[in-house]
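Every chain is named by a letter (A, B, C, D and E) in the order it is written, and numbering of its residues begins at 1.
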């Protein structure tokens, strides 16, 4: 677990009152070097069952650092299920059985990594915005608090940084201590992204983050995703082919639990190799 | 109300033990002739407010008989709101205020038609399948029962006819008396269509009827819609441009409560007259 | 008139009839508490208007010696009983709260849905046990037990009453709390787990705060139940007419005082008037509790911005 | 920064605390029931169970009958009241007060309700204690429960039921009657079970309304006669009241055993009633809910 | 005794006729007796239904004057619980005599107290049994509510009208619980009507000034703590009520009254009115 804890040291460093910029720089460096050597996720032969029904069939794929990977496919094809597997949120689903291997930064997430530590590193944003019924500040501070940071000053710093990173500091700085439930849907979703960022992850999983939002909010979230990929690895599930096309570097097409095609987004949309992919992206079904 | 009641006479006839085929034939004829003379819906200058916020702005459009009209537009643009106006389901929304005129078969729906009778004629299918927690049979028989038909034999006939029309008689004939909640999502949605048909409407409004369904069920519903337009006027809200393209005769594009463009589907998709429409259908936003 | 018109007009007619009936029932039932309130008010204000006692005397004085005659002239300080009621209720709450919350958390967060379906009805059963049975078990089992482990002269004590009441209100609070927790959206739990929180952290930081409105309602209803309970408390509290100064000593409550003397007091006398005033106080306290729930609920939902 | 290990330790500690709390509560409750039942059965004689003056059979019957009447009373007024609050009442001040009034009713001391019931159902109607008056008094106590359970059940139904039905041209009432009420039947049933529980255990409210003695003749089926078991306008002592009387002022030598036996029987009655009702509503739920 | 036989035949002769319903409520001390009488009475009068309630003397008197019951059972004369006008409309039937006995927990060991000692104990002047010849043990007072008829008798005839120390005594709503409390609490002292002691041997009974609380001593007037139990009816009671009252006050039932521990009114030799 040595490596994991090294990369987790961001906050440890902050507590030692080092300048936070230094820590960020260190992390940046670490990432740079990692990128050359390995994919963030390396999945091989993943099968997933809900009781008797198989929801994922023999999935193998690599997800690269500092890229946006989009999952597309018709409803029920297993996109969300696969996404949840990546940070072991399926642990909480009764009757869910997984075989196969998922490496996160080279470590087997089912054997070598503690699920809590994994989730610190791999954050998640859901389809419906899920702000807690707390103040904006407390929502963002939730992750750091969970990780044991209680120093007020430090929290304030983290909250501001995260809200800025999620492009909503200006809107929210005046209502930090009001309930987050009073925000609009788009604001709530960006708040949830800020909350995820505050936990200092290296990967952000997003499950149809814009499907409940109006076009203007959607635009903002898409811009945000493009910005964030500088620092984070992003996996996004979307039902909108347009969206996948607009923002992702790689696209994976799922159908009935199988990974049908996985390729650079541009290639996939201009020249799909599988006829089913073509049918789907040209709108002949789904 | 003379005209309305003439076309409403389907059940009256059935109760008088005329052969139901005759009644259907009569209706067919009536429709044919009506088609020549007028649109099913004729909306002029419709404004709709939820308390202070205006959700629909000065909408005017005609919806033709025996055609499929699709409403597209980004989330929150007022598609559902407009659809619900057509059978006065907005009556149930507190604080909803409507000005303007909607003619249904020549009659002002806010002044000349009883809302219950209107809804007998203008059926509705929702985004989420909404079967009642009753048996399949009772679900389909619900509309006729409401309309005062309690004769068992007659009900059985109507149920079978409606299920056949909704392409699910074969799947359901053996489980007519089991709960409808045990059906799959796609089956439930077709059951809801059957339930609507059983009420003997002339118009069917569908609000994103396939967005919760898998591609195979979606396909079935689309086929069904195409089949039904022989006999019914269909209005369908969809978030999928592909779907609109595949099935509709006319398409209306809404944006922020306004009707931006309304045209034949083929024309609209090949040659949109409004730049916003073009942006939307080429996937530059939404 | 054709079939459709007939159906429509029938629907409108049945709608009108049903709406009338239902509105009458709704309003009618809302009148019952007001009737009871009015009845208590008429009976309960004799102490002040007929027998000329001050409200201050009644509420704050400890001198309780009403005369059982129509002439009056006694003292009607009911402070002892009010203090007794409040102390026993609070004690019951303090005892039952950890158990209730634990059980509710166990049922909603830890146990499988099947276990929950098994336990919850079992807990609800306890609302159907007559208070005499609680009182009797308290008297025959609890009191000797308390006397053997604590240095108390009688066994009959505030503590015994608190424990018996705690057991009686346990089902109410537990069920309400469990329902409130079960109603917390799954999305919040998932979001919390997704940030790397453990179950305990999720419960403490998300579930409990989100469910606190419902838990609070349960507490208030439990308190109201405890406040109104007479027979069981009467059997274990000792009914000594003193202020509740020690957990290990007896005291009296409003309800025990009412049920002890109401039957024997002279109709229309000062004693019975004073008892009715206590009943009025009980009613007002219940109402105050309910009012509080609503204020708090309103406040917390305003905070939610919805 | 907290280590993952210490977080997990905390989690385990808290989980075990909750387990202990819940376990303790369950043990306490089981011990309570066990004590009452063992105590009751150890001193029970067949004669105590008989349907004669000295047995508790008549009280047993009265209890069932009174609870039955009370349930009818609270069903025909409480369910409409719940429907009113959930479906017809406009949001606003009046509804707010109606709801508070209903809840206040729920927390009224039963002795107060008993005295009120005596005044209204006995004195003002010029009658004498009777089961009917008793059941009305009990229904005052249970009404709020039935009302609020009905209201909650209706409110928590998926909006799709309402939409689906209204969209077919059903009137509001048709929607309520044909779709909503059947759909929340199991929850209303639960409310009624809890209401029944309150009725089974109530004593103070019945003292002045239903009376404390029973004088019935099992061969008399003339419903107008006061000794006919089915006449609701006859006095009748319920088990809970019987237990109270036996515990407090009875002179017979075996009063204590009788009280214990009655308690055990009442407990079993409550349990089996609740199980039966739950089974019934489960069956109905299963029939309507399909294989969910 | 000679006229007893006559009464007996009289009472059995009018049994056949009555039917209808009788209701009564009030004193809890009297209830067991009336219930017992009702059962016996019904054996000969199958068509009568009799319904009886407790509730306390005040309740009984109020209900009979309201007309909601036929018989109001009371430990005390109606005048003390009703205003004059109402009380005058009722007829008093002194159905039996109730003797109140002082009881103590078995471990106290004291068998006799003087009236003065009793008064000192109940007014909490004496708080340890050793001061009245018992073991070194604190005294635990167990009393009845202020409005209880039993307490009224005890106050007036056992402790010379002194006010009990309310704030030092445990109070129990009724006699059944009082006995249990005295039996359970070491050093406890209380008082109940004699009938409650017929079947209960869990407590010791005290003599007052050397006089045991027995029926004989009550009849002869040696034991002073007793009072009449009253059944009040309206001036014109129903036939069934009349028959029932005749039965309960008749000689035949008199034996049963004594079995139950009450005294028969007609045997009272003192002319005191309690």
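As a working rule, contacts are C-beta pairs under 8 Å (C-beta built on N, C-alpha and C of every residue); 3 or more make two chains touch, one makes a residue touch a chain.
Since this is a predicted model, take the numbers as computed values, not measurements.
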- Query: Listed by label, which chains are in contact with subunit A and with subunit D?
  - Reply: B, C
- Item | Most contacted chain pair (by C-beta pair count) | C-D
- With chain centres defined as C-alpha means, what is the inter-centre distance between subunit D and subunit E in Å? 37
- What whole-Å value do you get for the distance between subunit A and subunit E if each is reduced to the mean of its CA atoms? 83
- Between subunit C and subunit B, distance of the C-alpha-averaged centres to the nearest whole Å: 52
- Note on the structure: In whole angstrom, the CA-centroid distance of subunit B from subunit D equals 46
- In subunit D, which residues are in touch with two or more of the other chains? 7-8, 170-171, 174, 247
- Two or more other chains in contact with one residue: find those residues in subunit C. 11-12, 198, 201, 259, 262
- Message: Residues touching two or more other chains, restricted to subunit B: which are they?
- Response: 116-117, 120, 146-147
- Task: All pairs of touching chains, please: list them by chain label.
- Result: A-B, A-C, A-D, B-C, B-D, C-D, C-E, D-E
- Under the touch definition given earlier, write down the residues of subunit A that touch subunit C in their complex. 87, 89, 92, 94, 116-120, 123-124, 126, 128, 130, 132-134, 142-143, 145-147, 178-179, 181-183, 192, 195-196, 199
- Message: Which residues of subunit C touch subunit A once you look at their complex with the stated criterion?
- Response: 112, 185, 187-188, 190-198, 201, 205-206, 209-210, 303-306
- For subunit B, which residues are in contact with subunit A within the complex? 74-76, 211-215, 218-219, 240-243, 245-246, 283-286
- Query: Along subunit B, where are the residues that touch subunit C in the complex?
  - Reply: 5, 8-9, 11-12, 15, 114, 116-117, 120, 146-149
- Message: Touching residues of subunit D toward subunit E in the complex: what are they?
- Response: 53, 122-123, 126-129, 207-208, 211-213, 215, 226-227, 234-235, 245, 247-253, 255
